[in-house]
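Please go over the structures that come below.
Heads up, the next two complexes both have chain A, just with different partners, chain B and then chain C.
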Partner chain A sequence: MKSIRDDIAEDLYNTWLTISFELKNHFRRKRVIISFSLAVILPLIFYVVPKIWAEFPDSADEFASLSLSFVNLLIIIAGSLFAGDVISGEFEEKTGLLLFPTPQRHMTIFIGKYIGALIPTMMVVSIYYLTTSVEVIGIYGTGALNHNMAKSFLVALVYTTSAVSVVFFFSSLLQRKITSMLLGFFSLMMILPVISNVLQFIVEVEPWYIVTYSAGLITDVFAVTMTIGGGPGGQFLLFTPDFHLGLVVMVVYTLVFLFLGILISIKRRMR
Partner chain B sequence: MRCKYYFVVLIVVGMMMLSSTLLCSFQAEPSKMIEQDVPDEEVIDVGISNLTFSKEKPREGENVTIFVTVMNNESMDLGELTFIDKVNITLMHFEDFLFAWENITVGANSSKTFEFTWQATSGMHSFTAVMFFEIQLLNMSLPWSSRSAILEVDPEPIGNLYFPVAMLLVVFGIVGAAILAPAFFERIPYLQQKRR
Partner chain C sequence: MADSIVIKTEGLVKEFGDGVRAVDGVSFEIERGEIVGYLGPNGAGKTTTIKILTNLIKPTSGRALINGFDVNRHPKDALKDVGSLIGVPGVYSYLTPAEFLNYFGRVYRMPKEKIDQRIEEVLKMVDLLKWKDSKIGTFSTGMERRLAIARSIFHDPSILILDEPVLGLDPEGIKEIRELIKSFQKEDVTVFLSSHLLDEVSRVCDSVIFLYGGKVIERDSVKKIDEILKQYRLIDVELLNSINEHDLNKLKDMEVIDQVQKLGENRLRLTKTDGDPVSTAEILREVVENGFKVVSYSPERSNLEDFYVSLMKEKEGSR
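Now for the complex of A and B:
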């Protein structure tokens, strides 16, 4: 029988093998290039359009808040691209018949696949923030970059882990790649935001337990005053997610959906 | 009796319209508005000359002092002007409407600054200081001079850098532990027996 140290070293090596295999797969399919291009083009729109037709917002925080309001969308797109078929692909293409009987522990396979999807998604988010930061420096100077940007970046990374987990869960639950990708995408893009809005505006209850509601923290940390309806004092107050609670909700989603996904994947049998 | 009532309403409406028109046209020189409001058309150079705040862009929760300066360029004290029974100043806030009220006296040929404290809440706020004079004969209060200013209050900073870092560490820690856990669980005799 092997020692516990050898076992751990082998598990770590196997996980690394899965991660590198997944990353190579993503690069081979050109998904990385597509999402990296989006991460540069989307924030550039917020620079080019006001430069030509309008004026930039008064403060760097306002500009960053506006530009980063679309990072949620990119996280969902990238998460669906990288994690959407990560398990369902093995079942649909029957490649699992080769992968699952290997002596590698299933836990290391699935966690490796999750990390393999998480890394490129986090890279996409980082590029988006890097582009926005360069724009802020270009417009407002280096002094305009403050800790709010770093705070927003970290919140976006935590949200990325939960978004990838949700998509990973659907991927382990469903048989077909396209269905799991679409369900993962639409649940984060439409279903959860619709539930959140209904609860907020019709039931008038704070939907603190919905992860897409907590994702609002990505731009909320800039604490930019929003006046709707015009006129002094005319501030329209909505529910705003609590910073600590929102992040805890994201982490709970990450862990629950990841381990549920892994559990379902381990129990599933190839047909 | 009814006739007198209509007359009073007419005066009030007329004076309100006049004062608002003048407020728009002479915002830089509010004291000159007074001459329009004096019943016998006498020019009286008394009014609110300034409305400022202790902080230009305060943060939510901070105490802001609102300074209202009243100047009296006449040769008699403000409280003693013959046709006025009483003078008071009211500070109106868009949300609270009546924010503060104070009876004032300003010496002849001088100005006096009155202070009001307000705990800032986030958003845009409009403050209007209005001087009223009371005519005892008609038992009514009429606006005399006013000045408005808008104050933008920044919301309290949300969150910190440490908590999201801690949350990321929790996620990576648990995921890392999940990779290592099977190696430990396999060595638990009870689980070994169960697997067999």
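Now for the complex of A and C:
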């Protein structure tokens, strides 16, 4: 009889095998080239356009905040590409008929798949930050890189875990991989932001519990809370997510959607 | 569980959400080195049983044991020596066969040298060696199928669970797989094979389990079934005139005939169960004497398919 320690070591090894298998699968596909290219091209636009037609912002923080305003979009695109079909694909393509009847706990396979989708998405985010950091150094000098950039990077990585969890959840829930990818993408891109905006601007309640609202921290760490004018009633109240609460919300989304995704995947039956 | 019994199911029941009982108290035992066929019509519960045995689904009640381990509770121990091929699995189209098999070799904890050696061996066995480093996405359906077979035997399992293994293969491929399964007999590999190709089953299996409506209705050795079938005599008869209800009743009343089955407008199948060739001559005489104009008369030996059909008819009749 195996000891609990050996059993856990075996499970960890199986998870590692799935991660490396998933990474191999991801890195053979065009989606890697697409998302990695976007991670370089998007911040480059913020460098090239002002360089040719306008001027760079006065401070490095302003530039970083502007450049990183699209990292949120890239996280959602990359997360949907890498996690959108990890589970639904196994069922739709029936590759699960080869993968699941093997001597490993299904849970280790699903955790491995989650991490296998998380790693390339985090790599995309890192490339984006690396490109932006190089630009900041190039424009404002090495001293311009400050702790705000590190804070923003940390928030972006935590948000990545929650975004990938949400997409992973849809992948475990839905039959077709295209549906799970699209629903994952639109829920983060449209559904949650619309709810968040309705709560903020119409109900005038802070939607602190909505993860896409917390994702605002990615650029908010460079600025301060502000109100902006406009609208028939005079001014809109613009909320700013609290840093620590925002991180907690992201972690909660990560854990809840990952747990639900794994649970549904385990319960799901292979047709 | 005795050491010689490697696969065992105890009162397996699987109910799906819609209240359908796909498997209804299935119990059987398979001994080491046996090649057992698992037969039944569509919806009988064959694939559901196999999915429970390979931990793809969990039973509502009952247990499936492999080498003494409950498959659903201890999949790591139960499935480590099992190779399986279920339905028509998909493939990871972005990988090469070598990468694909390498992953599964690692899952089964094979040493690296053994993995490299087996990649060459099994790909040669399924005639894919020259495509070892080509992307699987460029393969034909037959090649994908052969790769899936290679995956199931890659780690030298002592137990093979195969669900329709020759599906999608051309006649040559079918022959190769049949030979492969037969070769396992010499190597003491236990094979549990579900197939609707009864000819395949009768050629490779030692015994057969018949499933109907989620229940095991019969289990016999192929030899024993063969003995039973020797007693069966099927006669296909073509008459000049079309057959009506009155004709059928007349034939059924004849003592020399046990069963009458109408196959077409003027075609019949008569069954005699005593296996005596003299009887077929007697049947012909009686049929002619009763005024039937016989165009053709061909006695045939029954096979596993006839046995299966008669079993199913018997079951349907008793419903």
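We adopt the following convention: the second predicted complex is superposed on the first by the 257 of 271 C-alpha atoms of A that agree within 3 Å, B and C clash if a C-alpha of one lies under 4 Å from a C-alpha of the other, contacts with A are read in each partner's own complex, and residues count from 1 in each chain.
Everything that follows uses one rule, which is that contacts are C-beta pairs under 8 Å (C-beta built on N, C-alpha and C of every residue); 3 or more make two chains touch, one makes a residue touch a chain.
What you are looking at is a predicted structure, and each value in this text was computed from that prediction instead of being measured.
Asker: Now for A:51: first (chain B), second (chain C), both, or neither, which partner does it touch?
Answerer: Neither: A:51 stays clear of chain B and chain C.
Asker: By the touch definition at the top of the document, which applies to A:95: first (chain B), second (chain C), both, or neither?
Answerer: second
Asker: Could you say whether A:155 touches chain B, chain C, both of them, or neither, answering first, second, both or neither?
Answerer: It touches chain B, and chain C stays clear.
Asker: A:28 contacts which: chain B (first), chain C (second), both, neither?
Answerer: Only chain C; A:28 stays clear of chain B.
Asker: Just to be sure I read the superposition right, which of the two partners does A:105 touch: chain B = first, chain C = second, or both, or neither?
Answerer: both
Asker: Who does A:269 touch here: chain B (first), chain C (second), both, or neither?
Answerer: It touches chain C, and chain B stays clear.
Asker: Check the contacts made with chain A and report whether chain B or chain C touches more of its residues.
Answerer: It is B that touches the greater number of chain A residues.
Asker: What is the contact status of A:250 with respect to chain B (first) and chain C (second): first, second, both, or neither?
Answerer: first
Asker: Residue overlap on chain A between the chain B contact set and the chain C contact set?
Answerer: Chain A residues touching both partners: 7, 105.
Asker: Looking at the complex, which residues from chain A come into contact with chain B?
Answerer: So the residues of chain A in touch with chain B come to 4, 7-8, 11-12, 15, 105, 107-108, 111, 114-115, 147-148, 150-151, 154-155, 157-158, 161, 217, 220-221, 223, 225, 227, 232-235, 243-244, 247-248, 250-251, 254-255, 258-259, 262.
Asker: Going by the contact rule set out above, which residues of chain A touch chain C in the complex?
Answerer: My answer: residues 7, 10, 14, 17, 21, 24-25, 28-29, 93-98, 100-106, 269-270.
Asker: Could you please specify the touching residues of chain C with respect to chain A in the complex?
Answerer: Touching chain A from chain C are residues 51, 54-57, 75-80, 82, 84, 86-92, 94-95, 99, 103-104, 106-108, 148, 151, 161.
Asker: Chain A touches which residues of chain B in the complex?
Answerer: Result: residues 94-95, 122-126, 150, 152-161, 163-165, 167-168, 170-171, 174-175, 178-184, 186-187 of chain B touch chain A.
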